[in-house]
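Across the two complexes that follow, chain A remains constant while its partner is chain B and subsequently chain C.
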Partner chain A sequence: MDELTKVIRDYVVKEYLEEGDDREVTETSPLITGGIVDSFSMVSLKRFLEKKYAIQIPDDQATPDAFDSVQRIAALVRRFQQK
Partner chain B sequence: MAFNDSTRNVFGAELESIKSAGLFKQERYIHSPQFSEIEVEFPAGAKVRKCINICANNYLGLSSHPDVIAAAHAGLDSRGYGMSSVRFICGTQDIHRELETRLTEFLGTEDTLLFPSCMDANAGIFEACLIEQDVMIADRLVHASIVDGMRLCKAMQDTYKHSDMTHLEEKLQEHQDKRVRMIITDGVFSMDGDLAKLDQIVALAEKYNAMVFVDESHASGFIGKKGRGTHEHCGVLGKIDVITTTLGKALGGASGGCVSGRREIVEMCRQRARPYLFSNAVAPVIVAGAIKVMDLLSASTERRDKLEWNAKYWRGLLKDAGFDLKEGDSPIVPVMLYDAKLAQEFARDLFDEGVYAVGFFFPVVPKGQARIRTQLSAAHEKHHLDTAIAAFKKVGEKHKILGLGKKELIARAGA
Partner chain C sequence: MRNLSSYEDLTAGFEWTIAERELGYTKGATLNIGWMCSDRICAMGLAGKAALIWEDHQGNQKRYTYDELRLLSDAIAEFLIGLGVQPGERVCLFMDRIPELYIGFLGILKMGGIAQPLFSAFGDESLFVRLKDAGTAAIITQKKHALKVRKIREQLPELRSTIVVDAGDAPLPPGEVAMRMERLPKPVNFEIHPTTAESPSVLHYTSGTTGQPKGVQHVHYSIISQYLTAKWVLDFQPDDIYWCNADPGWVTGTSYGIIGPWSNGITQVVLDSGFSAERWYQFIAKQRVTVWYSAPTAIRLLMKEGAETVKRNDLSCLRHLASVGEPLNAEAVIWGEQVFGKPFHDTFWQTETGCIVITNLPGMPIKPGSMGRPFPGIMATVLNTKTYEPIQETGLAGLIALRPGWPSQVRTYWKNEAGFKAKFKNGWYLCGDRASIDSDGYFWFMGRDDDVINTGGHLVGPFEIESALLEHPAVAESAAVAKPDPVNMEVVKAFVTLKKGFKPSDDLELEIMNRIRKRLSPLAMPQEIEFVDSLPKTRSGKIVRRVLRCKEFGEPVGDLSTIMEE
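Now for the complex of A and B:
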């Protein structure tokens, strides 16, 4: 797991898993469709990524689909880092 | 555009996908007033049958109370059927203001403004008061109407883990640069039945200079020794900046809601809240009935006391029978099944046994958290609950879930 993926995974675990929730979050775990992150609370993840990596993710690209796994989120961040 | 076949197919396909996902909702027709026992036609066309109702928000049993009905009749006679106007054009009667004053006194706030519903109050309040330089920090389990209201507002949105005060504090620290911070929570969470830690929330709000917003829809009238709400229960009367609540549950059960709180916030809503500005005044008949509800609540705590007893008794019956419950102190007692299909089958079997309860599953509750939400009422007598528990036990035995804990129930669902 590279550094970017690890940072995102760690944030997801800290920000979204309730105390006592021992679900394992892997690179491919479904976050939105798996019920770990909902669209209501997804905004803090987007803001975290934008601040941490000094990028701007337009709302139309911050879709539940694009945020549905750590792997996908990492790909999204990389895309905007290259721009 | 005409509603041609291809357009019809667009929506038809969408409805089919709702059905195939098991999320299609069907109404059950009730042929009687709302009460502890109701006459239900389900499915449509079936013979009407009497059953015990254990899923209404009729917490105080006032939905069909004779005094409320009489007051509503009198209001209808003296003030008419409707206002044919929004409040600020020619829709405000003396009784609208009277009810607002009564609610202000009851809730222990500075002022109150009626809305057509609490859904409308929640849809209007944030946009009316907050701007881009502000932040709304909400508990992740707040009601859907709050989520919708927040989405209509330009202020920054953030959330904290359900009732997690450490997480809330982190968020408050993070947002110290904002003009206004508003902490947003339900008083009683409608799906879990647990109470917000309002004493701790108020302490954090004072420490970090934040406002506190509480939706008291599942609390007004019965939580707290005098039924004034979660803020009374938690000892923070007068310290909540914004309360929204409904007249559609314990407070008569018809419709209507309000924003109650700091006078400037209420005035901002009067000036700017779109659901208030662009929809009709609450009908006089409902206002008159609700004023009578306020009279009844001021005269006695007998109904909320009975409700409290019923909730404790029912919770004990379910525990003794071996059901897995969400802990809590409210008249909302969720029976956890975890599996959506089981929740639906369980509710259907209960109905066959003469008990009307509803299964809740994703997206109404988080995935894997399906349940039967039972709700008590002061209209329930002990014999209703004794009859209902017999049905719950019978259906529980049928599905072989009695005595199973969370892990076993989840394992059973996955099997």
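Now for the complex of A and C:
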């Protein structure tokens, strides 16, 4: 797991799972469809990514589909880092 | 549509006794929603019919017949009795959309308990406020949500049992007990508690402008309106496969996600998954859904995904579409017609009404963007905001008001009779919304009449958010208002002044957002926080949210002289 993926995964575990929740979050675990992050909570996750990586993710790109796994989120961040 | 004749024919001489007759209820007899939705359907010869087909986000499926519904709800009822839960006590359901939630609801009612469903995304503070107010005796939950219960358990002396439905084999802490629904002993000839029409059944919590959320108390007689409105508005036919998107933590999920379909003997499907357009369409196609009751926020999210995603799936099974939660914009109605070949029928109601009260009935001409017309048996109007008299002229905005007396009307607010009485003026029940009525009798929604925020179809109270904001060490004052949003209609925006020594920053904003999300719920989390030097206040120091709200909506604030003098 690369650094970017690890940071995102660790943030999701810290912020979106209750302390003591032993569910495993992998790179491919479904976050939105799996009920770990919902469409409202996506806003704070997006805000974290934008601040941490100094990027701007347009609202129309921040879709439930794009946020449905750590892997997909990392790909989204990379895309905007390259711009 | 097959269930209905013309609107005029339906309303002329309408009596709720139509539903009483169809349900076999006679005045004064015992009446139990749990029995009505399971045993009665079995007695009608439908014991082997599928009642619930459940699927999770990974595609795992479970299927329950009406006979299994009957036996499993009996078993849960007996289990609760075994724990010492008494008739009239509140039993909270705090789960994702898993079968135990739906079947447990019937089980609680069968043993005479009051079902108190709560949205499983609630944080520990939201949960605490509602359990404390209700004096809840037991909570049925999942392992992951039991963690929130543990945080507040010691402050809830009336909460005797935490029932965990997926505990596994590991030992549980004191006060927690495992319940594996499928392994419960099936009682023989379980005796359903002899509830009657006015026995309390369900306690849903809803938010207001002031104070903490209110417990909306319903009774078993509510099934009369829930059965008939489901049958007529959702146009149930015996072979229908029905999907209601709503979570039973909210009233739509119980009135039309449990009672409505099962009292009609309908097969319903449930998808326990977060939003994904592709996944939803695949589910509709796979389960051959015929009747779909959704929400404007979900429909607008689907619209964003475009028509191509629709075309990849065979959705020809869909026969009737309806929507609830917030006003359905005209574009969404038209979009539904374009991509599904049929429009969404908007319905209007709220936690307190217990059933649909204004609606676009099947077969009625739809005016895109309109709420429709009152359901037969519901007398609805709009009132002048000052005199509380019905407005006679068409097109003028007023307060949506209903003449009390329909079966599923709220009976009181839990331990808050004064708050309940305040909802009535001149013999009308005030919904808290504004609308106008056109010359054909169609209602047109204009907005809330108070500071409550309708986000994604859920009402969020500003007081609860402001209280939680003030718990943050940096926050001196706060105001939470609605901000317009293209998908959710409204989202929460907070205005905050900071204590000495704290400075606005992106880090602080994110920290506050996450804190509210965890303490209250994702719905209550401000999507934006504006740090300000001061907040608009009355002479006596009360924050005037209206000024901030109007600014967000780009509306004129109007005359504030009276308010500012308060």
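In this text, the second predicted complex is superposed on the first by the 83 of 83 C-alpha atoms of A that agree within 3 Å, B and C clash if a C-alpha of one lies under 4 Å from a C-alpha of the other, contacts with A are read in each partner's own complex, and residues count from 1 in each chain.
In this section, contacts are C-beta pairs under 8 Å (C-beta built on N, C-alpha and C of every residue); 3 or more make two chains touch, one makes a residue touch a chain.
Please read all numbers here as calculations on a predicted model, not as lab measurements.
Peer 1: Looking at the overlay, what does A:S44 touch: chain B (first), chain C (second), both, or neither?
Peer 2: A:S44 contacts both chain B and chain C.
Peer 1: Of the partners chain B and chain C, which touch A:G34 in the superposed model: first, second, both, neither?
Peer 2: both
Peer 1: After the superposition on A, what does A:P64 contact: first (chain B), second (chain C), both or neither?
Peer 2: So A:P64 only meets chain C here.
Peer 1: Which one hits more chain A residues, chain B or chain C?
Peer 2: Counted on chain A, the partner with more touching residues turns out to be C.
Peer 1: Would you check which partner chain A:G20 touches, where first means chain B only, second means chain C only, and both and neither mean what they say?
Peer 2: Second partner only, chain C.
Peer 1: For chain A, what residues appear in both contact lists, the one with chain B and the one with chain C?
Peer 2: 18-19, 34-35, 38, 40-41, 43-44, 47
Peer 1: In the complex of these two chains, what residues of chain B are touching chain A?
Peer 2: Touch list, chain B to chain A: 138, 140, 147, 157-159, 161-162, 164, 362, 366-368.
Peer 1: Can you list the chain A residues touching chain B in their complex?
Peer 2: 16, 18-19, 34-35, 38, 40-41, 43-44, 47
Peer 1: Over in the complex, which chain C residues touch chain A? Could you list them?
Peer 2: Residues in contact with chain A: 57-58, 96, 121, 144, 147-148, 272-279, 301, 304-305, 455-456, 488, 491, 506-507, 509-510, 513-514, 517-518, 522-523, 525, 527.
Peer 1: Given the complex with chain C, which residues does chain A contribute to the contact?
Peer 2: Residue positions touching the partner: 15, 17-21, 23, 30, 32-35, 37-41, 43-44, 47-48, 51, 60, 63-65, 68.
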